[in-house]
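Only one structure is covered here, and it is reproduced in the block below.
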Amino acid sequence: MSTILPLELVDRATGSQVWVIMKTEREFTGTLVGFDDYVNMVLEDVTEYENTPQGRKTTKLGQTLLNGNNIAMIVPGRGPEDDA
Amino acid sequence: MSTILPLELVDRATGSQVWVIMKTEREFTGTLVGFDDYVNMVLEDVTEYENTPQGRKTTKLGQTLLNGNNIAMIVPGRGPEDDA
Amino acid sequence: MSTILPLELVDRATGSQVWVIMKTEREFTGTLVGFDDYVNMVLEDVTEYENTPQGRKTTKLGQTLLNGNNIAMIVPGRGPEDDA
Amino acid sequence: MSTILPLELVDRATGSQVWVIMKTEREFTGTLVGFDDYVNMVLEDVTEYENTPQGRKTTKLGQTLLNGNNIAMIVPGRGPEDDA
Amino acid sequence: MSTILPLELVDRATGSQVWVIMKTEREFTGTLVGFDDYVNMVLEDVTEYENTPQGRKTTKLGQTLLNGNNIAMIVPGRGPEDDA
Amino acid sequence: MSTILPLELVDRATGSQVWVIMKTEREFTGTLVGFDDYVNMVLEDVTEYENTPQGRKTTKLGQTLLNGNNIAMIVPGRGPEDDA
Amino acid sequence: MSTILPLELVDRATGSQVWVIMKTEREFTGTLVGFDDYVNMVLEDVTEYENTPQGRKTTKLGQTLLNGNNIAMIVPGRGPEDDA
């Protein structure tokens, strides 16, 4: 079984879809187009998912920069609506 | 597909409108006029968006410095009222 | 359009009024008389604004040192009661 | 009794199942395939466990990167449903 | 107008009364007798002010060390009961 | 009276039982088998104690790695059920 | 008036009783037997004070290591039950 280092996973995901969950429970999907050593991430064609009292809200955001120290998890290759 | 590093995105956005969402859920739009390595940001012609019990409140702030470690997301080129 | 770096904005504001909003939602106005690299700030002729259950409370504080890592935003040249 | 250093435990667990509990109370099981000095961790065949008002929810996530500074505990070799 | 750097303000206050407000809203007055680069502070003849459900509570503490990273504000030369 | 430095206490406790209280109020007992400079700790034969609405819950965990920056207190030589 | 630096206060208190208040409002008294540069502290003959819905709870803990970054205040020479 080959090992995958954290930044390798992010690097391999560059150019494809990622699902990013923040510590504040906000979620995003989009195409990963760049990142730095702090795993600040630039996504394109972004959709934001938010749980609001009125239910699940989605917002189209286009290009977005996410602050790495606020990211809890990154799931490459899918989104919250897809099955594993 | 060309990659865009986080500070590149901020650099390219200099001189144009950005939408900044803080960890405290406060939101701002304004013209980005400067930033540093900690992504502390100077905006001009700033509008602040706040969710209050009485509904959505907007405040005109003029020139403003935002503390980078309190920023969750940056969306260049638009604001909360625009469609993606 | 000329760029303004964060510490430049603070430097230019030295000697004039600033409005400082903390992460704890406390707000202050006063004359900025000094700051350091961590943007700890010394203000004079300070007024503190607090939202209390009894409404908006203001307190005169004279000279005050504010801890930079608790500051969310700095708005030079005005206060919460002024229009932009 | 031989001592086991923290990173040794993580290293030995590479390639086998781990149960990871986050500071936000989210829990994950999966095969550990890589980690770095900050104990950011790459897991495969991941199941997420969440306590929701409707009860215990599990989600299949496939490959996932977990932010090390959000991890509270790591239990190698088992999951929340197994007895010790 | 002469500038005053943050550590200068603290240095000048050494030997006199200071009012210290913590991030947890606890407040203290006392004579500042020493501090370090992290603005950890040693006070003497200390009075603590706490807002409790039963109203404002004051406690005499004598000599006290306050953790600098928990301090929000320092007001030299007065206390919460004095007018500016 | 001989002084004991923090890492000395942890070192001396290696191989014996420790009671660890986290900042999130979760508690653990187990045999300390290793630690590093950040006081990340590896315990064996671990029991977890949790206060739940249904009362005090204990879980057997076997070998466990605890994140040092989440630890509030360490009490060597006993557990929550023992008298001092 | 002689100045006392923070680590001097802690050093002088070594071997005698200290009252330590944590950021989580937990309080401890005990004999200080050692500390390090991060003001992690080893106490002996420790009593813990906790405010619970059922009132003030005290627990005897014996020897205890307290995580310095969780400490809000240190009061040498007394405890919460003594007058200043």
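To keep things simple, chains are lettered A, B, C, D, E, F and G as they appear, and every chain counts its residues starting from 1.
The rule we apply is simple: contacts are C-beta pairs under 8 Å (C-beta built on N, C-alpha and C of every residue); 3 or more make two chains touch, one makes a residue touch a chain.
Chain by chain, the UniProt names read as follows: A, B, C, D, E, F, G = LSM complex subunit LSM5.
What you see is a predicted model; the values in this text were computed from it and never measured.
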Seminar exercise, completed: Per the touch definition, the chains contacting both chain E (LSM complex subunit LSM5) and chain F (LSM complex subunit LSM5) are G
For this session: Averaging only over C-alpha atoms, locate the centres of chain B (LSM complex subunit LSM5) and chain E (LSM complex subunit LSM5) and give their separation in whole Å.
Result: 35
Seminar exercise, completed: Between chain B (LSM complex subunit LSM5) and chain G (LSM complex subunit LSM5), the Cα-mean centres are separated in Å by 43
Exercise. Using CA atom averages as chain centres, what separation in Å is found between chain E (LSM complex subunit LSM5) and chain G (LSM complex subunit LSM5)?
Worked result: 19
Problem set entry | Multi-partner residues of chain B (LSM complex subunit LSM5) (at least 2 other chains) | 69
Exercise. Connecting every touching chain pair, does the picture come out as line, ring, star, complete or other?
Worked result: ring
Seminar exercise, completed: In ring order, starting from chain C (LSM complex subunit LSM5) and passing to chain E (LSM complex subunit LSM5) next, we get C, E, G, F, D, A, B
Exercise. Touching chain F (LSM complex subunit LSM5) in the complex: which residues of chain G (LSM complex subunit LSM5)?
Worked result: 14-15, 22, 24, 26, 31, 33-36, 40-42, 46, 59-67, 69-70
For this session: Over in the complex, which chain A (LSM complex subunit LSM5) residues touch chain D (LSM complex subunit LSM5)? Could you list them?
Result: 1-10, 23, 39, 69, 71-78, 83-84
